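Shared chain: subunit A. Partners: subunit B in the first complex, subunit C in the second.
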Partner chain A sequence: MGVELNAKSFNDALKILSIKYKIFAPVRLKGKGAFSDTDLVTYGEISSYKDIELSEKSRYSPKEVIYPITQTLFYFTEDEYKEPEIDDKGIVVFLRPCDANSYLKLDNIFLKNGPYEDNYYKRLRDKVKFFVIECTKGFSTCFCVSTGSNKFLDYDVFFRFDDDKITCDIKNEEFSYAFSGKEVEFSPEFIEKNEIDVKLPDIGKISQKVEYVFNHELWDEYTKRCIACGRCTVSCPTCSCFSMQDIFYKDNPKCGERRRVWASCMVDGFTDVAGGHSYRQKYGERMRFKVMHKIYDYKKTLQHNNVHWLRKV
Partner chain B sequence: MTNVYMPRKAEIISIIPQTDIDYTFRLKSDILPQHGQFLQVSIPKIGEAPISISDYTDEYIELTIRKVGTVTDAIHELKPGDLLFIRGPYGHGFPVEDFKNKNVVIAAGGTGLAPVKSIINRYYRNPKEIKKLNILMGFKSPKDILFEDEIKKWKEKFDVLLTVDNGNETWTGNTGLITKFIPDLKIENPDDTIVIVVGPPMMMKFTCLEFLKRSIPEKNIWVSFERKMSCGIGKCGHCKINETYVCLEGPVFNYTKSKQLLD
Partner chain C sequence: MILDIDTKLLKKNAYRVTKQRGITALRIRVPGGDLNIKYFDIIKEVAEKYGNGTVHITTRQGFEIPGISMEKIDEINELISPIIRGLKDEGVQIEDEEGGYPAAGTRNVSACIGNRVCPFANYDTTALALKIEKLIYPNDYHVKIAVTGCPNDCIKAHMQDIGIIGQVEPIYDPSRCIGCQACVKNCKRRVTGALTFENFKVVRDPNRCIGCGECILKCPTSAWTRGEKYYRIVIMGRTGKKNPRLAQTFIEWADEESVLKIIKNMYDFIDKYIDKTLDKEHVGYIVDREGFKKFKEEVLKDVKLPKKAKVANHLDYTGYRYERNTIYD
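Now for the complex of A and B:
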C-alpha cells in the first residue's frame, strides 16, 4: 500500500522532516558546471520538490554526504587532539537504487575491511535514511542492470515522481507521520534493461589467467590515452581511498587540524614511499589496478550478499 | 565509539644518531609488538607516517627513522623529552615461533635492517632458540652503516657478513651487493633453513632469487614490504597490491604470497 502526494503535500512532508533531518537529493547548480554556461548536477540539501533534479544524471555521487571530500579528524591545540562534533540531525538522502547500492560498497570498506570500524564513517552512516527514487528507464550511459545494482529493496521510503503526482511506499514506519495523502495500491518498479549492456568477466576465469589480464594490451591503450586526472575516481560512488593531511592555521601556527581528503589510485603520488620509490607509474597500470579492484579484488575479498556486483553475463 | 585514528603520546627518552640522516628514537612505551610490525607516527600539524619498530623492551620501543620527507624531517628536529604521537602496532610480523630450532639467514639492505634488528637481538639474548644465525647486511657506503655498535656485538655470536656497494679509501671490508655473497654462503640443510629478506624492492627481488637458486624452499623465505600506509587499518587504499592490503596482511609476507603480489 502506498501514499499518494502532490507537490504541496510533499513539500509539507519535507518541512516536517527537516526538523529532525538534513535532506539531500540531486540538485542543479546553475552555472557551476565544468564548462562555461553549464550547470552542475550534484547532491545538495533541499527544502522543496522543485529543488530535486530528476531529468539529468548527477555528475557526482551522494557518497560525500557520509564521506566528505575533506573531513576533519582532529583539531590540534598544542599537544591535544580534539575530535570535531557533528550535527545532531539525521540524514535523509533521495537517491536512485544504483547509488543506494554503492553505499553498501562503502560500508564494506569502512566498516568491514580490516579489524576496526571507521568511526568517522560510521557516525554519519548510522544517521542515513534511504529515500529511493524509482528509476525505470535510466540514462543513456547507465549500466546498472549489468552490475546488479538496479534494485534496492532495503529502503526507508520509496518514491515515484510523476510531475505533480508523487507516490510513495513507506517501509520504515518512523516516517509515516510526515506523509499524509490518499492510500493507493503501489508497487515499486526497477529498471530491467539499460541501453548499454556491460559484459563483466567471470571471476573464476580471471583467477586462472591473472597474469594474462595484467599484461593485456588494453592497459597499454590507457597508458597512451589516460591523463591520470582522477576524475573517474572522484565521480565513482564506490571509490573510497583517502590520504591523511595535517595543516596549521596561518594566523595561529600552534593550532591546526588533521584531515582526510579523497585520494585516487589514478593520480601521481598515490603510491610514493620514502626514498623515492613508487609503484604503478604507467597510467595503464593504474587503470588496471582500479578496474581489478572493482570487478575482481572486491568480489574476491569483500563481496556481500545484497548485490551481485559481478555476475556472469 | 573508539576513535581508531586517535594517537597516543610517547615521550622521546633518547636519540641515537646512526648516520647523518638515520636516527634511532627511543620512546617510552609498553607496547610489545610482533617483530616487523609498524606504527603510524605523527607530529600534530606536520603529518603522519608509517614507521617500522626497530627494537623494543617492555619499557621502550625504538624507531630508526631516515630523514627523507616532511614528517621525518620534523621528527629529526625533536629532542629528548619531546613527544611523538603513535598509533598501532599494525600488520603482521615475522612468525618467529615457526623459526624455532631452524637455521636462520637474515639478509638486510640499508634501512631494511631496522625491521629485523629486534629479531637479531631476540636471538642474541636467546641463541638456543635457533640452530644458527647468518646475517648478511648491505649498505651503500661505509657512512651509511646502521647500528655499528650492535653489529660488533652480533659478530660475537653469529656469522655476520657486512658489505658496502662502494667502499672508500679506509674501507677494508667486503664490497658488492648482497647477492654476490649468497652463492658461497654455507647452507647445510636448505629445507631446515629460514631466510628473511628486507630492503629496497630490487634488492629483495634478486636476493630471494639467489636463495631460491640455493634450494631454499619458497615457503621458507619471508620478506617485508615497504608501502605508504596512510591509515594503517585497511581503509585508505594506499598500500593495496592486487586484493592484498599490505597494512593488514603484511608488511611481512611469505615468499609464496609475495611473489603473487603484482604491481
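Now for the complex of A and C:
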C-alpha cells in the first residue's frame, strides 16, 4: 500500500522530518556550473519539494553526504587531541536506486575490507535513511541495468514523483508519522533497460589472463585521450580513495589537525613515494589501475573476505 | 551617371566612396556579429541584383556589399529596411526605417561568440554588444568598441577605443578541494600564477588574479565556482598611420551598469572636447590631447563602481610612432 501526497502534504512531511533529520536530495545550484550561466546539479540539503531536481542527472554523487571530501579526523595540540563533534540529527537522502546501491559498495570498502570498521564513515553511515526516488527511464548515459544497480528494495520510503502527484511506499514504519494522505495501491517500479548496455567481463576469465588484460592496447587509447583530470573518480559514487593531510596552523604550528581528503588515482601525485618516485605516469596505466582495482581486485578481495560483492536483488 | 553626390551624406548612410566613380559599397551592421539568418536573403538579393555578386566580411563583423551603383541607393535602402527594422525592434533608436542606416561614424560593436557557445566566456557577449549598440547608435563620432568573453581576448578588444573583457570572481570552497592542483598548475602555465598551494589547499592572490575563470573550468570537484560577473575595461587601443598601440586597462572588476554608463559618458566627453575644425577626430587622439585625468573625470561622472573595482591612476601606453627614425639594415 502507498500513500498519496501532493506538494503541500509532501512539504509538510519534510518540515516534520527536518526536526530530527537533515534532508538531502539532488538540487540545482543556479549559476554554479563550471561554464558561465549554467547550473550545477548536485546533492544538497532541501526544505521543500521544489528544491529537488529530477530532470537532470546529478554531476556529483550522494557519497559526499556520508563521506565528505575534506573530513577532519582530529585536532591536535602539543599533547592532546580531540575528534570533532558531528551533528546529532539523522540523515535522510533522496536518491535513485543506483546511488542507494553505491552506498552498499562503499560499506564494503569502509566497513568490511580489513580487520577494522572505519569509525568516521560508520558514524555518518549509521544515520542514513534511504528515500529512494523511482527511476524508470534513467538518462542517456546510464547503465545501471548492466551492473545490477537498477533495483533497490531495502528502502525506508520509496517515492514516485509525478509533478503534483507524489506517491510513496513507507517500508520503515518509523516514518509513517510524517506522511499523511490517501491510501492507494502502489508498487515501486524500476528501470529494466538503459540506452547503453555495458558488457562486464567474467572475473574468472580475467584471472586466467591477467597479463593479457594488463598489456591490452585498450589502455593505450586512454593514454592518448585521457587528460587525467580526475572527474571520473570524484563523480563516481563508488570511488573511495583518500589521502591523509596533517595541517600545522600557520599562526601556531604547534596546533593543527589531521584531515582525510579524497584522492584520485587519475591525478598527479597519487603514487608519489619517498625519494620523489611515482608510478603509473601514463594516463592509460592509471585508467588500467582504476578499472582493475575497482572491478577485479575489489571482487577478489571481498570474495576472500566472504563479502557478497553485489547485492542480491 | 549621376554627378551630384554629397559624399558626406553618402558615408553617413553607411555607403562608401570607392575607387570607381559612381560605384559604392554598403556596410550592413551586425551588432555582436550575431545575425538572424533570415537577413541573408536580403543581403544576397542586394549583392546579386545591385552589387557584383560578392560580399566582403568586414573586420568588424559586418557585411560589405561592393559594386553598387550610387543611383540605386534609395532602392537598396528600401530593400534593406527589414534589417534596419530588426535593429529598431531590438531597441536601437532609429527614426526612418526606409532611409538606410542613419549613421556610420560609430562602428559596428563587435563581439566574440561569448558564453552562448564558448566554454571560456564569462558572460553573454552578444547581449552586451546589443545593449551597447542601443546606447550609442546612431552616432557620427568615430568610435570602435568590441566586447570579449574572457581575457583570451579573441575579438581583440585591445585594439579598440573601448574594449570590454569578461571577468568572473572565482569562489573557493576549501572543503571541496582535493588538492589535485589542476588550477594551480594551469594558472601558472597559462595565466598569471595567481594561485599557490599552501597547507594542501589553494591560496589566491587577488592582485594577480585577472578573473579569467580558468580555475573554475579546471576544478574537478567544483571547489572553485562562479561568483559575480565583472568586466575589465581597456581603452584607447588603436591601429592607424600615426601611433598604433594596445589598449591599456582603465578599470577592472567593473559591473555592467558602470560599463554602459562609462561608454555613454565617453560620448559626452567627445562632444565636449573634439576639435570641431577637423573633419573628424578619433577619440584616442582627443584623450591624448586633453589628458587621461580629464577623460577619467568626465567618464566616471555619476558612475557607481562596485567596491571591488580598481581604477587606473595613469595609463602607460607602449605603442610606437611610425614617424620615429628606424635604422634599417
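In this text, the second predicted complex is superposed on the first by the 300 of 313 C-alpha atoms of A that agree within 3 Å, B and C clash if a C-alpha of one lies under 4 Å from a C-alpha of the other, contacts with A are read in each partner's own complex, and residues count from 1 in each chain.
By definition in this document, a residue touches a chain if its C-beta (ideal position, glycine included) is under 8 Å from a C-beta of that chain, and two chains touch if they have at least 3 such contacts.
Everything numeric here is computed off the predicted structure, so don't read it as measured data.
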item	value
Fit or clash between subunit C and subunit B when superposed on subunit A	fit
Partner chain in contact with A:T136 - subunit B first, subunit C second, else both or neither	neither
Touched partner set for A:H293, first subunit B, second subunit C, both or neither	first
First (subunit B), second (subunit C), both or neither touched by A:G31	second
First, second, both or neither for A:G230, with subunit B first and subunit C second	second
Which of subunit B and subunit C A:Y279 touches, first, second, both or neither	first
Touched partner set for A:T70, first subunit B, second subunit C, both or neither	second
Touch count on subunit A, higher of subunit B and subunit C	B
Touched partner set for A:Q208, first subunit B, second subunit C, both or neither	neither
Touching partner for A:V267 - first (subunit B), second (subunit C), both, neither	second
Subunit B versus subunit C as contact partner of A:T42, first or second or both or neither	second
Three-chain overlay, closest Cα atoms of subunit B and subunit C, distance in Å	9
Residues on subunit A lying within both footprints (that of subunit B and that of subunit C)	245, 247-248, 263
Contact footprint of subunit A on subunit C as seen in their complex	115, 119, 121-124, 149, 166, 168, 174-182, 199-200, 213, 216-223, 225-226, 229
Contact set on subunit B toward subunit A in their complex	1-7, 9, 42-49, 66, 68-69, 72, 83, 85, 200-201, 226-228, 230-231, 233-238, 240-243, 245, 247-248, 262-263
Interface residues, subunit A side, partner subunit C - complex	29, 31-37, 40, 42, 59-60, 68-70, 229-231, 234, 245, 247-248, 250, 259, 261-264, 267-269
Residues of subunit A that touch subunit B when the two form their complex	73-74, 76, 79, 81, 83, 109-110, 113-120, 122-123, 210-211, 214, 240-248, 253, 255-256, 258, 260, 263, 265, 270-275, 277, 279-280, 285, 289, 292-293, 296-298, 300-301
